[in-house]
Amino acid sequence: MDVRTPHFKDNARGAMADASLQEALTHIRRGFIDKRARAVDALPEFEALRDSSKAIKDHTLAHLDLYLEAFIERAEAAGSVVHIAETAADARDTIIGICREAGAKRITKGKSMISEEIDLNTHLAEAGFVPVETDLGEYIVQLRNETPSHIIAPAVHVTRDRIEQDFREKHRGLDPDRDLSDPKELLAEARTMLRGEYLAADVGLTGANFLIAETGSSVIVTNEGNGDLTQTLAPVHIVLASLDKLVPTLEDASQILRLLGRSATGQDMTVYTTFSTGPRRADDPDGPAACHVVILDNGRSSMLGTDYQDMLRCIRCGACMNHCPVYHEIGGHAYGWVYPGPMGAVLTPALVGVDQGGHLPNASTLCGRCEEVCPMKIPLPGMMRSWRRDEFERHLSPATVRWGLGVWAFFARRPRLYQAATRLAMRILGNLGARRGHLRRLPLAGGWTAERDLPAPAGATFQEQWAERERRR
Amino acid sequence: MSEPRPRVGLFVTCLVDLFRPTVGFAAVKLLEAAGCTVEVPADQTCCGQPAYNSGDNRDARAIAEGVITAFQDHDYVVAPSGSCAGMLKHHYPALFADDPAWEERARAFAAKVHELVSFLTDVRGLTEVESSFAGAVTYHDSCSGLRELGVRQQPRALLRSIDGVKLEEMDNRDACCGFGGTFCVKYPDISSAIVGRKSAAIKATGADTLLAGDLGCLLNMAGKLSREGATIDVRHVAEVLADMHDAAPAIGKPESGSR
Amino acid sequence: MSAREAVLKRIRMSLKVTDDENRKRTVAARLTEPPRGVIPARSQVDHDKRIALFVAMAEKAAATTERLASTDAIPQAVARYLRDRNLPAAIRHGDDPILSALTWDGTQLRVGHGAAADSDTAALSRATVGIAETGSLVLLSGRDNPTTLNFMPEAHIVVLRASDIVGDLETAWGRLRHIAGRGRLPRNVNLITGPSRSGDIQQTMLMGAHGPRDLHILVVG
């Protein structure tokens, strides 16, 4: 997937002017927040679970090599074939190789952000396969030839009207007179279309919310059941997961599961939590005959031991973006790559480079709401600051910013000069704005005054007035 | 028998110094009323956030050294801003992670730092104030104060102690106003969209005054409300608590009569 | 160097560690004696309260429940359920001993066996464990309860013995280790909490996405 993050400002402007997107985003601005708050308030142990889950992931990351080895050993003992992929291209080649070997044509897919990260669908199609997304949101996005705009609600940017329009255009044989105005009818139509796909699939690919070292299992969490039909009905099951999904034991996964549903959708437990271990056993009447687990690194192992290691605790619940004032205004596509919102603002520079992803950690008010709701207590604003520091130290920040900052810092470090300079500046500004009490336009602050006024300063600074008062005393 | 009056150094904050000196005087009045001796070191400019939040840790650190030195003799350092107090309290020590001697100084300094309103209630035990202010107010929780320092109930408790005040909470009250320091300069249109949503929530309360504890947020919200033609008054909460709401016109408004 | 070796080497380099015995012992200890972590207090109650909690949580997740005195009552309960829902008089189940022992003579239901077919409208399974904390069912794949029965039909009816209801997920894992052996699991362990749904259209939950529209739990005993 092309990285469009360098065009972030234009992307964001376009998003804010897109009436249909803005209408769709109204659903995220409130619903997710209220549902999460209710679920969290109802569980007195939520904070204790945050601490215990953070500790589990920190422990796992500190022993990641050993848990990876343990996972591989147990998964292979259960009959899975484990593939380690260092890069996105390696993962794609591995998957395409498995599909070729299976003589596959149609590939059903459960929801997987790693599949988006490696741009799998494009490459599968180029190699002659037919990938079919089965998560309703992903399916809608695929019909529209788009990418997900949210990590758990891929089609959050699409209104109901648009979905109906897409179904009418793309679903051959759909009766033009059929009333689809009720969202339930849209769901029924998608269910019918996709049921045929599950049964026809040669390979079923899913992501994973966890890889469990103790048992060699992968875990998926869905509300629809699409992941289960995908991985149970196709003769070959491929699990695609990144390195950071590892946890030691079933108990460890259980701790984190208590946070996942509540943080994501406000559910105590998502409907289907499925632990899959190896292919079908000798006397199983159903399930895949073969199971492959593809584990992707793609830069993650290099994040260990750095300021960005904590990001590898992320469980992809989406709470950070659901609570992000910037995401609320611009939606997910404006971020320009796979991962939007605060988690994307930290992860994107790590995976594509801060030279390409640098806008994202800057485009934040650092309000801290993301860290407050993050079930894994990831210090997202702190890591955004770290990216800004890295950018600054590598001289990647814009020259105008560096120059402005340099001039300001020169004065800020010298209180007497600073006070002389500001006294003068405030007097001028104060005079300019004295009549109205605010300024409607100001050179060099055009961004601010385009859509808001700048309250005028009083004229004399506090330090000036204070000194005067002290003199009179 | 009276306890010795603690010596408080007022960290004015650059925005109060430049844009709204009244807040500084209100802070002094409140601190003195709470039994403190207040001093204002002249060797202060800014907390350094513009540099720190832009990744320029070298300049941020140089500024931090100046601030720590300027306040080394005070019992407390109090700022009429959750954002600046949060910087002094939580981020200064991190700036000196590679310099044990300075880190130690930064930690000792950080322990003395408080945001104004929470200092009055939590440290000085203030439970009520005398103010002639009257009207319906809504209070915006500024992000740093709320999340870094736990300032939430304290200003509300003091406001409720004023007879004439009616507190009307806004929808989504803990959502950011979109100011974000350098953010509003680097991404002004996103910032403006966020504050637009905030101004709608403010107007929906029907309150005639908006209060908050951070001047950055207040300038942002006042600027938006002013551009939208809203008549609502915007003030720093200290002005109302100190009964100094007559000392200056509301933020962004002209001296009375000259509109 | 294989990709596996390269990644392991890079992890150790980044963490500045080696695969020394101390670290190995730490990991082996956790894998053999998993710490239980934080268990919500609300699930730590006596048998009767546990059943009541299970029922309440399952219903909160939009499942329906019914209490039966014994397994003998299952066939009539299934027939009644299908009739009330206007579903075809047909059911399919696996080789689970409890389900295999049922006599369906009095019900006029068509009873199929084995994995689900696309044409099936209702399936009957037995849950190995129920988890009171969240109202979740634990179903194990295999001949006894084929996985496709959990997902393909429109209605899924699940038998759960009251004595198989545990408080929390951790206790359920203890039971499964007892059944399957430490470090081993069947191909699928399905934790099911309510019927299928999707929130992908305008972020409003709609029931009956790809899996069953209805989940009915028969708590027996």
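Things to note:
The letters A, B and C name the chains in turn, as written, and every chain counts its residues from 1.
In the analysis below, a residue touches a chain if its C-beta (ideal position, glycine included) is under 8 Å from a C-beta of that chain, and two chains touch if they have at least 3 such contacts.
Owing to the predicted nature of the structure, the values given are computational and were not obtained by experimental measurement.
Core chain by CA centroid proximity to the global CA centroid: A. Annotation: A-C is the more contact-rich of the chain pairs A-B and A-C, by number of C-beta pairs in contact. Rounded to a whole number, the gap between the C-alpha centres of chain B and chain C is 53 angstrom. Centres computed as Cα averages put chain A at a distance of 33 Å from chain B.
Each chain gets a centre from the mean of its Cα atoms; for chain A and chain C, those two points are 29 Å apart.
For chain C in complex with chain A, the residues that touch the partner chain are 2-4, 6-8, 10-12, 14-17, 19, 23-24, 26-27, 30-31, 34-41, 57, 60-61, 94, 114-116, 118, 134-136, 141-143, 146-148, 150-152, 169-170, 173, 183-206, 208-212. Looking at the complex, you find that chain B touches chain A at residues 12, 14, 16-22, 24-25, 40, 42-46, 48, 50-57, 59, 62-63, 66, 143-144, 147-148, 174-176, 178-181, 183-197, 219-220, 222-224, 226-227, 248-249, 251-255, 258-259. By the touch rule above, chain A contacts chain C in their complex via residues 24, 27-28, 31-32, 43-45, 48-49, 52, 56, 59, 62-70, 72, 74, 78, 83-86, 90, 134-137, 140, 153-156, 159-160, 163, 183-184, 186-188, 191, 194-195, 198-199, 213-215, 217, 223-226, 228-229, 232-233, 243, 248-252, 254-255, 257-258, 265, 267-281, 283-287, 297, 301-306.
Those residues of chain A lying in contact with chain B across their complex are 9, 12-13, 16, 325-326, 328-330, 362-369, 371-372, 385, 387-393, 397, 401, 405, 408-409, 411-413, 415, 418-419, 422, 425-426, 434-438, 440, 445-448, 450-458, 460-463, 465-467.
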